[in-house]
Structure formats: structure tokens, C-alpha cells
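I'd like to ask some things about the structure below.
To keep things simple, chains are lettered A, B and C as they appear, and every chain counts its residues starting from 1.
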Amino acid sequence: MSDQNDPRLEQPGASDETLLSAHEHQLAPKGDDGGHYRMLPLALLFIFSGLIFYGATYLHHYSGHFHADVFNETASPAGATAAAPKIDPIVLGKRSYEQVCATCHQATGLGVEGVYPPLAASEWVTGSTDRVIRIVVHGLKGPITVEGKQYGAAAMPAFGKVPGGGYNWNEDRIAAVLSYIRQAWGNTASAITPEQVAAILQQEGPRKEWTEPELLKIP
Amino acid sequence: MSAMTSASTEVSEIDSSARGPISLLLAFALVWLVVSGALALLHFAQTLNPAFLADCAWLTYGRLRGLQETAFVYGWAGNAGVAIAVWLLGRLGGAALRSLNWLTVGALFWNLGVLLGLIGIARGDGSSTPFLRVPEYVQLLLLVAYAAMAIPGILAWTGRGRAQTFAAQWYAVAALFLFPWFFAAAQIVLVHFPVRGVVQAIGAVWYAQSLWNLWLASLALAAAYYLVPKLTGRVLPGYDFAAYGFWTLILVGGWIGGRHLVGGPVPAWVATIGIVSCQVLVFHYLIVAINLRGAFTGRGSTALSLVAYGVTAYLLGGLVDAVVSLRAIAVTTQFTWVTQAQTALALYGAFSLIAFGVIYFLVPRIANQPWPSAPLVRAHYAAALLGTGGLVLGLAVAGVIQGRGLLEAGLSFADIAARTRPWILVAAAGQAVLLAGNLVFLFHFARLLVKKPAVTAAELLRQPPTMEASVS
Amino acid sequence: MRNGFLFFIGLFCAAALSWAGVVLWPHLQMGSLVPYVDETEGKAYPLRLSGIAAQGQMVYDDLGCAACHTQQVRRPGFGSDKERGWGDRQTVARDYIYETHVQLGDSRLGPDLANVGGRKTPYDAEDLYKLLYAGSGAMPAYKFLFEQRSIADRQPSDYALALRGNLAPAPGTEVVPTMRARALVTYLLSLNHTFEYPEARPVEPTAENEGEAK
């Protein structure tokens, strides 16, 4: 039982009292140690500084400037907070057309005889940009002649941001839908930019639906 | 003269007065350890065969994981850690522990809380937040019970005999004092007034990390810082720097949780700050390694050897953390068994092995009798080392295989499971060995409690030698 | 460390500091994140969970599904998340603002579920019910989420599973998902984080950030 290594009873190597006092002594301020440098504090200081330097560099490189919108550590906040990516106007236009316009003008762009005019191969669609933008922004009322046929049973509502109703679409979406109808179903007219739409809105301000004679005065 | 001898003899009133409460805590701890081991084994069985017990709603794979983790952390580690810390603070404070009734009452309610928590998780009242899975209705009970248990420890610290303090006391007090704060803070931001969206996930990793670094690791280090000089009889080398190591852990420990969220839906800086803190914490591991290197010059002492393996696991865990947290490596190891291997290395390797060592040391002193059987100690020792090794190795290799498999987009989950299967078997075998060893430990402890000692420890323990202050 | 009071203050401050830095700061940054209003679609993303889906999230939570499934997609190029078809973009904080209990998960023994309702080859409810009822090689069956009952004296349920082969229930009985199973499946099908938030776009590699990210 007096065996030092008996696992049943671990013999102490020191009393608690002297354990505490010996370690206390270790912390007590040392006298002059004869100008000898101790290697350990220097080495630890060196390692600690190294770790802090490495950590700070790493943090600087991969913190994304501590920005809440940066999820990729190699990105910078400028890229992440820029405006949303522009969706292809033709894709957006097609989606908008199918959601709303196709109800009357049909997915084929052929309209309904005598009621809803066609858009495919329509001179109004592929012709003057100033006219077609106005139609979509403010709407159209009364009879209209397309490719020699008369239509006019229904009015077209305003899609732009005009007071008193309409769809209140923004310029991007109107331009997208216009570009889409001018290039779908075999149409080959130019695309329309949001700036063109904005210019018309600015020029005309809020107003009622257009009529055919009013539109024909516009080049 | 009599006062002098009682202070310098190895067993004193400090130990005998604490016999009841500390034995109670350790008994609870060992029961939970065995329960958690059994649950962990069932969990492995389900990993290997998903159909196993699948019809039992109380033991789904997810709930079993929560059950075994809760039984381990709050049951085993909580009880054992508090017992060790309070006993240490009493011994180093140099006076018999006061207010021990608080410890007893607190322990009863704490264990009631753990039991209710496990039933709650099994019934489906718990949550999936790692390490905070117990249902809401148990959390407050655990918090109050813990505060009661910590009182004798804190009183032993404030009423200590000498002004100067020792490293073991710092770690023990920090663990006892800090746990209620972050436990309560986590409950507030995750349960009572939940924060929005992914901030919850950030709060959860902060809690899990604090639980390890500021509580369990601190408890283990308290034990190691005491046991190593106590058993070797030598002053800790480089002890002047122990305080820097301590404050590095306390200051940086709570920051490193974010590394688990690499690539996740949290701002990049959250993960980056976690990674950086993980690297800076290497300084703490370095100082612990310098201070505790005496553990590796063991003279065949079982307790010291367990502590040495525990410290090795602790240091290894810290270095592995620092490496695995880097994004280039985390991309493979994230979401795999590697994470579980790291948890096992910390909880089973570092915490449990050190706790085993100190329990072998302290129980003969509080019970005033040696352990009944040396072969049982050796059997548990061997099982603990072999089991922990198998568990960690199996999980780690399985994790690397799983991580590589996940990177191959064409590989199905069934194929990945088939590839990792042999190593999961190794881990499961390790867990089984651990469970067997811990059953032996529980049995041995029970035998010690009921056995009438033929001879007291006080008679067998030699007069402790004087520790000489070293000249550095 | 002679001064006990200062010692406690130091401990407390250290813990409070990490709490402030790790929890409070992100909370201040992201706690009031608002949904992103997409003008062209006229909707605000993310969409809110329906009531039954919110119940399903509680089922997901208490069954511990997060033990095997994550709900977070890492960015293309960081892991194989995109190649496995789990999502074309990384999930970002805004995706989760309506979740009462965020389930990011930390283990992938099974596939990521962040976009399980928006996959290119979509699952429908029937597939998910069958998976939950029968399990698969790597996933346990959750039979307790289903009820097998006689149809002798009642109308067959609309929700009854169409099971064939050796899974088919005994004649005269049907297998019906319980309320919990229906909530869970509704929740899973509502998981769809495919909307392109500006902050979720991949970063174009530039000369500056091309170096190996550590």
C-alpha cells in the first residue's frame, strides 16, 4: 500500500500550503538577475506579436469591411451594395406581357378581331416610338385603325405612373414591355430605353387617354 | 502545533466536511456519464442502420443526438465540473467549505432539471440549438440550481486564507462565475426574446463556444493546474505567464464560435473574426503547454497520466481548431463528422480524461479511504484511453472521407455513408469501450461508497513533501 | 490577482465584450433587415411562411431534422452546393428574417433543404410523404407521422398515400399523414430561397481578390 504508484491512492508530491507559497514566490518581483536576459518572455512576446500581426492582416483582408451585406470574404462592400443587376429587358418584357397584356392582345400578339388590335406586324407598334410610348404610358380610347381594319370596342388603360388609376409601372418595365412587343412575333423595330419613356412622361405629364386623331398629330 | 499539522497533512477537515455533497455530485455525474454513453451508442446504431428504433418517436436520430449531448454536458460534465471546482477552491482556500447545503440542494434541483430536460427533448419539447436543447421550462430551473451550487465555491474563494491566488483558482472561479451569465444571455436572445433570422445562429455558436471555453475547458484546466504540481511536486515552469494564458482564454474564448458559420448566410466578418480569434488563442495553448509540461514526466501515477492525456487532447484540439477553421480546409470539413470528432476530442478527450484523473485523486481524500481495487482503476484507465482514441480517430477519418465525398457532386448520400461506414464502426467501438469503462468506474465508485474501509486514507497517505520554489 | 472584486469585474467584462461583439453587433447590423421589394414582380421577398408551414417548422425543430440536414447553401465555388443542385446562389441573412427558429444545421448526412421547394426537378408533396413514410437507404422512416386506419366505415381520406408493392397497406385500410406530417411537408415545400437579392450575387473575380482565399 505504501507503493508510490498505487492507483488506489495517489500520493501527494507536495502539500497544498507549500504548493501555493512556492508559486507565489515565483510571481514575486525578482531581484537583479545579473543582466541576463530570459529567453522565454522574449520568445512569448515575439510569438504573441506575430499572432496579433497575422490576425490583424487576415482580418483586414477577409472581413469584407465588416459590412452586413458582404457574404463573400473576398468581396468589397462597394460591389455588394450596388444596384440590383438589370434583368434582360426582353425577359422582363415577356414576363410582364404574359402577365397583363396577353389578356387582351393574346400571347400570339394577334389580338381579337374587331375588339383588341393586333401587335404583330402593327404599324403603330413598329412605327413611331413617340406614339407607341404614349399609348402605353397614358392609355388609348376610341376607335383605331390598324392595318386597314377598325378596332375600338375597348379602351386601353394607362400603364405609366399617372394619377387616377392605371398600372403605375416604372420606366424600366414599360421600356421592357415595349422593346419586347417591338421585337416579338417577327417585329424587328428598335428597342426602347427607359430614358425615352421618362422623357415622354416628363413632356406630357399626367393626362387622360389618347385618341387616334391626337396621336396622328405626333410625328 | 496541531493547527500546523492539520494544515500540512494531506487529508483534513476540508475534505471530510465536503464528503456528502461532493460524493452526491460525483454519483450523479457518473450515472449521467453512463446514460449518455448508452444513448451515444444507440445514436451510432442508428447512424449505421437508419431503420433501428425508427418507429420510436422519442428516439429519432435528431433527438438522440440531443439526448446524449445534454446528458453528457449538463449531466456528467456539469456535475463533475462543479464538484471538482468546489473541492479545489475549498482545498486551496485553506478552510472548510461553507454553505454546503446550497450545494446539496442545488445539485438535487440541477439533476432534476437535467432529467426533466431529457424527458422534454425526447417528447419533442426541445430545440435543435446545439448544447441548448433543453426545453424552455427547464432552463430557468437549471440556471437557479447552478447558481446555488456555485455559492460554496465562490465563498471559498472570497474567504480564502491567503491574499495571493493560484492559477487553478482563477480557472475554477471563472468557470463557476461565468456560466450563469452566458447561459442566461443565451436564453434571452434565443428563447425569451429571440433575435431575428441568422442572428439566432450566431447567438447559438457564441453560446456553444462559451460553454466550452469559459466553462468546461476552464474547469478542466483548473483541475490540471492543481494536479500537475501537486503530483509531481515541482513548481510549474514558466508560471509567471500563466496569467497571460488565462486572460487570453477568457478574453478570446467567446469570440471563436463564428468559425462554424464559414460560407453561411452571415456576413463574412462574423466567420473571419472567429477564425482570427482561433489563431490568436494558439497563444493560450502555448502557455498551457509550457506550464503543464510537467504532466508528461509522470512517474507511473494513473491520475497524472490521465491528466497528461487530457492536456494533450486539449492542446491538440486547440491546434486542430486553428487549422480546420481556415476556409480552405473548412470547405471540406464543414458539416461532416470532423466537427463531431473535434467535439469528442474536447469533451471526451480533454474534459473527461482530466476529470477522471482528478476524481481518482480526490475521492480517497473526501471519503478517507483508498479505492477498493487497483485492477478496476487500471481497467477504466485503459478503456478510457482506448475508447476516446477510437472514437476521435474513427470520427475524424470518417469526417474527412465524408467531406471529400460531399465535394464530389455526383456521389449520393448512400454512397458516402457506405464509404464512411468502416470508420463509423471504429468510432462506435470506441464508444462501446468507453461505455464499458465508465460502467466499471460507476461500479467502482458505488463500491467505495458502501464499503467499510479496512484502513483510512489518512493512515496510508504520506506526509506531503515541501515544494521548493524553483530558481528559474 | 489579489483584488477579488477587480477579478470578477474583469471576468464579467471579458464575457460581456464577446457577447457585445459576437451577438449584439450582428443584431444591430441585421436585426432590422427588411424584405426586398421587387418592383418588377410587385412582391416583397422573402415570402412569409403560411400558418401551417410555420407549424411545420416546429415539427422540423423538435424531431431534430437539423441533425442531418442543413438549410444553408454555400456560394458557387465554395463546396459543391451548386453542383449538387441545392441552389444557384448562396443563402444570405435576408432569406431567414421571417423564420421563428432558424435551422441552419451543422451536419450533412443528407441533402441541404434550403431550396427543397424550388428544385429544378421539384419534389411534390406525394414524394415527400413517401420518403417520410418509407425512408430511404440513408434516411430513417418516420412511420409515427402517419396513421394507418380502416376505411370500412368512412370515406377514404383525400390525403391517403398511394402506396404500392410491399409498402401497400392491408386491404381495407389506408395510410394517412397526420397533421404533423402535413405541416412538415407544407413547410418543406415552402422552402424556396431562389430570389436574387443584390447582396447574394456572386462576386466577379478581380485581380485583387483572385488569390487563394484562406
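Please note the rule applied: a residue touches a chain if its C-beta (ideal position, glycine included) is under 8 Å from a C-beta of that chain, and two chains touch if they have at least 3 such contacts.
Note that the structure is predicted; figures quoted are calculated from it, not measured.
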Notebook entry, point to check: If you average the C-alpha positions per chain, which one ends up nearest the average over all of them?
Noted result: C
Check: Between chain pairs A-B and A-C, which one is joined by a greater number of C-beta pairs in contact?
Finding: A-B
Checklist line | Cα-centroid distance, chain B relative to chain C, in whole angstrom | finding: 31
Check: Centre to centre, by mean C-alpha position, how many angstrom separate chain A and chain B?
Finding: 47
Check: What whole-number Å value describes the gap between the mean CA coordinates of chain A and chain C?
Finding: 23
Next item on the list: For chain A, write out the residues touching at least two other chains, lowest number first.
Entry: 58, 62, 68-73, 75
Checklist line | Multi-chain contact residues (two or more partners), chain C | finding: 26, 29-30, 75, 90, 92-93, 213-214
Checklist line | Shared interface positions of chain B, touching two or more other chains | finding: 164, 265-267, 273, 327
Check: Hey, which residues of chain C end up touching chain B in the complex?
Finding: 1-2, 4, 7-8, 10-12, 14-19, 21-23, 26-27, 29-33, 61-68, 70, 72, 74-75, 78-80, 83-84, 90-111, 135-144, 212-214
Notebook entry, point to check: How about chain C: which of its residues touch chain A in the complex?
Noted result: 26, 29-30, 39-40, 75, 90, 92-93, 196, 198-204, 209, 213-214
Notebook entry, point to check: Contact residues on chain B for chain A in the complex?
Noted result: 7-8, 10, 91-92, 94, 162, 164, 166-167, 229-236, 238-241, 244, 265-269, 271-273, 275-277, 279-280, 282-283, 286-287, 290, 299-304, 327, 360-361, 364, 370-374, 377-378, 381, 455, 457, 460-462, 464-470, 472
Next item on the list: Using the touch rule from the top, collect the residues of chain A that touch chain B in their complex.
Entry: 1-2, 4-27, 38, 40-41, 44, 47-48, 51-52, 54-56, 58-59, 62-73, 75
Checklist line | Touching residues on chain A, where the partner in the complex is chain C | finding: 58, 62, 68-75, 79-85, 87, 92, 95-96, 170, 172-173
